[in-house]
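Just below sit the structures, each encoded as structure tokens.
The two complexes that follow have subunit A in common; it is paired with subunit B in the first and with subunit C in the second.
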Partner chain A sequence: MAVLEQGQVVPEPQVGFLVIAKRVVRNYWLLRILRALFTVWLVATLTFFLIRLMPGNPVEVYVQNLVTQQGVPYPQALQLAASLYNINLDEPLWQQYFSYMGAMVHGDMGTSIIQQGVPVMQIVLTFLPWTLFSVGLGLIISFLLGMLLGIFAAYRRESVFDHFVTNFSSLLHAIPNYIIAILILVYAGVQWHIIDITAMRGTLSPGVQPSLSLGFVKDALYHAALPIATYVITTIGGWILAMRASTESTLGEDYVTVAKARGLRERRIALAYVGRNAALPLFTQLTLSLAFAVGGSILIETIFVYQGLGLTLQNSINQRDYPVMQGILVIITAVVVFANLIADVLYGFIDPRVRVQGKE
Partner chain B sequence: MSIPATETGLRETPERETVLAVKDLEVGYLAKRGIVHAVRGVTFDLKEGETVALIGESGSGKTTLGLALVRLLPGSARVTNGEILFYTESGEEIPVTKLNDEQLRRFRWQECAMVFQSALNALNPVMRIRDHFKDTWKAHVRANGSKGDASERNVTARAMEALRLVQLDAERVMRAFPHELSGGMRQRVMIALGLLLRPRVLILDEPTTALDVITQRAIIEVIRDLRKKLSFSMIFISHDLSLAAELADRVVTMYAGRVVEIADIKDAFYHPRHPYTVGLLRSVPTLVGDRQELASIPGSPPDMIDLPSGCKFHPRCPYATDKCRMEEPPLIEVGPGRGSACWHWEKVGADWEAGTNE
Partner chain C sequence: MAVAASAPTRALGIVGGVLVWCGTTIRIMARNKAGFIGFIIVAVMTIEAFIAPIFINFNTAADVNAIYQGPSLHHLLGTDSEGRDVFTQILVGGQDILEVGYLASAFGTFLAILLGILSAYAGGWLDTFLTWVADVFLTLPTFAIYAVIAGTVHLNSNVALAILIAVFSWAGLMRAIRSQVLSLRERDFIEAARALDLSLPHIIFKELAPNMAPYIAIHFVIGITAAMYAEVGLLLLGIVPLSGQNWGVMLNFAWTRGAIFYSGSLSYILSPMAVIVIFQLALIVWTRSLSEVFDPRLRRGA
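What follows is the complex of A and B.
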């Protein structure tokens, strides 16, 4: 259709704006980016109003504290609070919303209530890398290992290995990640003393500074080991089952039979013909699972006291630190949305059939 | 030019070398109800440069036979008896049924290539055509070291040559992904891929079924053209007698897993000696000769698990007698180099000759 429309000389009498709008609609990637921005905006708006519906308003609590404990007159206390939070509390909610959004467009997400004066952006940037590191590594390990085991299970259909792996995968797939985390903590950490959970807390051992040394990497991995193990254990079952099913159907494809007829080596067929095609549908699931994993990190990081974004979010919710909550939620959303966008771009490289030419 | 091969003198002559000999081959599929007797004691051979057409209805065992020749049968299939012997150019005998995995891998495509009926899905969708050629080349050339080197330029040159032979725009096709090509083009690519290693035998399993009529025509032309330019033996599996007529030197008619008639292409068409072949001929219109009433063969192919007694064709055969119901006829020699598995072949022949001369 694109060819037809380009080929025809269609008179376009519309005014400038409509022409631009049409161009935008026809440009697939521009449209995708706009849609991603819209999603982030939508989530920012929803969280802005939703978190203010939560019981227990910290601003009021703070003002009350000033009035009752320090004897500050009420209007002055309000002003103090307003200057601290950079929110004019006399304003109606929608006006607060617009000033918040206006600031956010400039990259300013306000300052924390609890850690007074610390910009939200700084808090996010401090903790986000740790969450991305642990969640990302966990997902990649789980994805690759799961695909490998899935292929083996499919190749050895109905064998003992296949039955064991398939049943075990279903079991792992059914257990929520926080249960696994608690089990690790209780048994491996407390009951059996296999691992030193106290030393593994946090993101780095005291005194270790981020650098490009082996020591730093080892220390980072040591502290992230338990969250990563939890992510791997809880997601690998799904990957194994998906890859096994996908491989099984790919093995029945004609091009696999033909590849055998062509006398290709078994390993080449397994990798380039079966494996590569069977993995395609799993890449779509990978982007979806990223959102789940980031969401799941809140509980996991809390359980293992791993100072990532999830733990920070948990604390900010407990303390009703609105700007931090809001900021983290928006950033998580943005990360997931743009990870999806990148995955879409990458998918075009993996599967030549979906390479986009200005159209969906 | 409707029946070219016979006119070029490619008839069976004693001095021509045998490239492939199938002896008393039996293949069964394990099913829940019992064993599906797909191929039951098939014996035939293929001479150098010859084209043999395997003709039969769906379920007659012709595709199973084709797959058995390169040992590509699915896991539920068992070769229960017989042997497949392949002879290389140097006269070496390859017992296909006894090869180990690595020997089998090298045998496939190098000596015997196969083009399948599923033209649309025979190529890996995530690989360029170029890489299909490279993969095939690397899998064989490096292993042997005899057929030239595996250098990039060598492969490309050979691939381009093969693609030009099947009348494709080689430059463009090499760069393309399978989904960018039409069904007919993909089937040509498969044929070119089949010829890349210059195998002695090319098996074509209904290579035109997934294609439209015009594309079918083009593919047949390509194959015929190739047969003239290159010397390879060919097994052409089809249910379409008219396609077989255009390409084959000899016709092997199969019914219920058995060879019921082997004949020269002309004899098969003009002097059939088996009622099943007669039935097949009567069910398709002819362009030459008088207009005849088309007649389908009554009944349907037999249950391959629970086969009828005696001659497997007797429930559908107008000539059937008590003998047919009791005893299965062997392949009776009814002329030089031709056979018919029918007790009443003489009567069938006489009736046919009388019918066409009317």
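What follows is the complex of A and C.
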């Protein structure tokens, strides 16, 4: 305890919960991770109560069906339902909720109703990589290509290229992605016979096993080509317009004028000075785009019959396979949320100002 | 007597005022050619969609001899898988789609304004909490959530569907409004209003709102496109109960009944998609002239 000359006691720094709370609020990264976990928790809670509390909830319906249709005695039916939904129906609701959440933390999300006995986690892990692959590749291609075209359009302002690209982008931006997907099927597949749409269904051709061979990569790309094309076509317009606007405002900045005055080469200015700064605001939009694309994958995968998580979700909804629905939704949310976290970390690398602010 | 006489006069005055306001608004919008065309298309399609079902009685009887016919004078856009006229379905089928689109966007915008102003004015922990929640909602894969909720709860009315869509689509506008209120609050004219001891509702509705109006109006219009996307998507997947005739149900039938894979049914598939895209494009183009209506500073430049 430090004592001043006058004998006054310097107040001890506060310890305990308040300080920790303050540090959490000040620490940007801790706060981000907390928010990510909170989002996943929110969706998990939402689905739990959706399924347990709604009138005529699936658990009751399932028990009733077993009793009336298959003549299973009531207690046994309850037990079956409990094991399927990972829920002990005798416990009060809040206890059920905690055991459900506890199991989920350990990666246990119950078993499927339709594919009896198959754990939900196993189903999710089978299909998740394909959705990550197609959505991820589609977004990366679209983001990079869109930025490139956006810079070009901004540099060649009011040219034929610029007018064409901006108008075309606005058009693409306005068309829902499932309509683009259907148009690809109708024209490229049925009307013009450019592609064999039935052969392109699924994630791999029969007989092809996942391996690190060129044949496997080619086959995976072949089957994912249509979903990827759809993601690119529907999102690239937004990137082009955003990059064009962002580049235009960057071109007016003083440091660009200074760079020109210093006689730097045009290409160096375009890449290191204009491009890098103009791309910054786009990274924050990447977040929204990702959530949109992953959420929309259910439509695109269903239309192309691409067996990723989206199509599996659609099937489980149609078959009322609630544990699977629940599990996929939670995992999809977790994927989006953690991809956002990664995007934020990347953003910190590209924009040093964020890093400095984070340390503060 | 005097009161009775003044009531109609006052009503006439209000109607006249509204007409004058509409006239001015349309005149301002007409300055931006593309935007005005967008507005006209939106207006015509909206009026058509809500009036057509009153006058046109869609004949649901199947005609086996006229399956998937191409466009002809008798069937302007051909026929569907049961030989029914596509053009009539297009005319009648807009009501549900537009109703949900307008309602969902209106609910969402209202929520966003309410929470945005509340957040900015309350400050403190409530503000921190609300922006936090908004950030969470921004990262949710909303369409998957709609699909799961619609697959669990039976949404059999347009209003229910609109509310579901609205609940997950307020976050972006709410954050924009919050930051606008925060920055506007520091401006001189708001300080002056506060110094004059004007009430909070007055400051919010008379001083703040007009400054945020362009932003809100544009978001409302964009919100319609987003709500339509979600609604038609759910209909296409067949998750929302397929009742009645609308563009989304047509798409679902085109998908489930194999019209997509049949080369002879082109006009049936393209028709609902074309009207949806035209309406969406018109909405987006309309936003260009909307900003001029609300922002006098933009008008002189045009």
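General remarks:
Quick note on the criterion: the second predicted complex is superposed on the first by the 282 of 360 C-alpha atoms of A that agree within 3 Å, B and C clash if a C-alpha of one lies under 4 Å from a C-alpha of the other, contacts with A are read in each partner's own complex, and residues count from 1 in each chain.
Quick note on the criterion: contacts are C-beta pairs under 8 Å (C-beta built on N, C-alpha and C of every residue); 3 or more make two chains touch, one makes a residue touch a chain.
On a predicted model such as this, the values are computed, not experimentally measured, just so you know.
With the two structures aligned on subunit A, subunit B fits next to subunit C without clashing. Using the contact criterion defined above for the overlaid structures, shared-chain residue A:G263 touches subunit B, although it does not reach subunit C. Within the superposed three-chain model, A:Y255 lies in touch with subunit B and out of touch with subunit C [touch as defined at top]. Residue contacts after overlaying the shared chain place A:Y178 against subunit C, while subunit B stays out of touching range.
When the shared chain is aligned, subunit B comes close enough to touch A:P352, but subunit C does not.
Of the two partner chains placed around the shared chain by superposition, neither subunit B nor subunit C is touched by A:L80. Within the superposed three-chain model, A:I141 lies out of touch with both subunit B and subunit C [touch as defined at top].
Looking at the shared chain after the overlay, A:A272 reaches subunit B, while subunit C stays out of its contact range. Judged by the number of subunit A residues each one touches, C leads among subunit B and subunit C. Closest contact between subunit B and subunit C, by C-alpha atoms in the overlaid model: 12 Å.
Shared interface residues of subunit A (contacting subunit B in one complex, subunit C in the other): none.
Residues of subunit B that touch subunit A in their complex: 70, 72, 101, 105-110, 113-114, 116, 118, 121-127, 135-136, 139-140, 177, 179, 190, 193. Contacts from subunit A toward subunit C in the complex involve residues 25, 35, 38-39, 42-43, 46-47, 50-51, 54, 58, 170-171, 173-176, 178-179, 182-183, 185-186, 189-191, 197, 287-288, 291-292, 294-296, 298-299, 302-303, 310, 313-314, 317-318, 320, 322, 325-326, 328-329, 332-333, 336-337, 340.
Residues 253-255, 257-266, 268, 272-273, 276-277, 280, 350-353 of subunit A touch subunit B in their complex. Subunit C meets subunit A in the complex at residues 128, 132, 135-136, 138-145, 147-149, 151-153, 172, 225, 228-229, 232-233, 236-239, 251, 254-255, 260-263, 266, 269-270, 273, 276-277, 280-281, 284.
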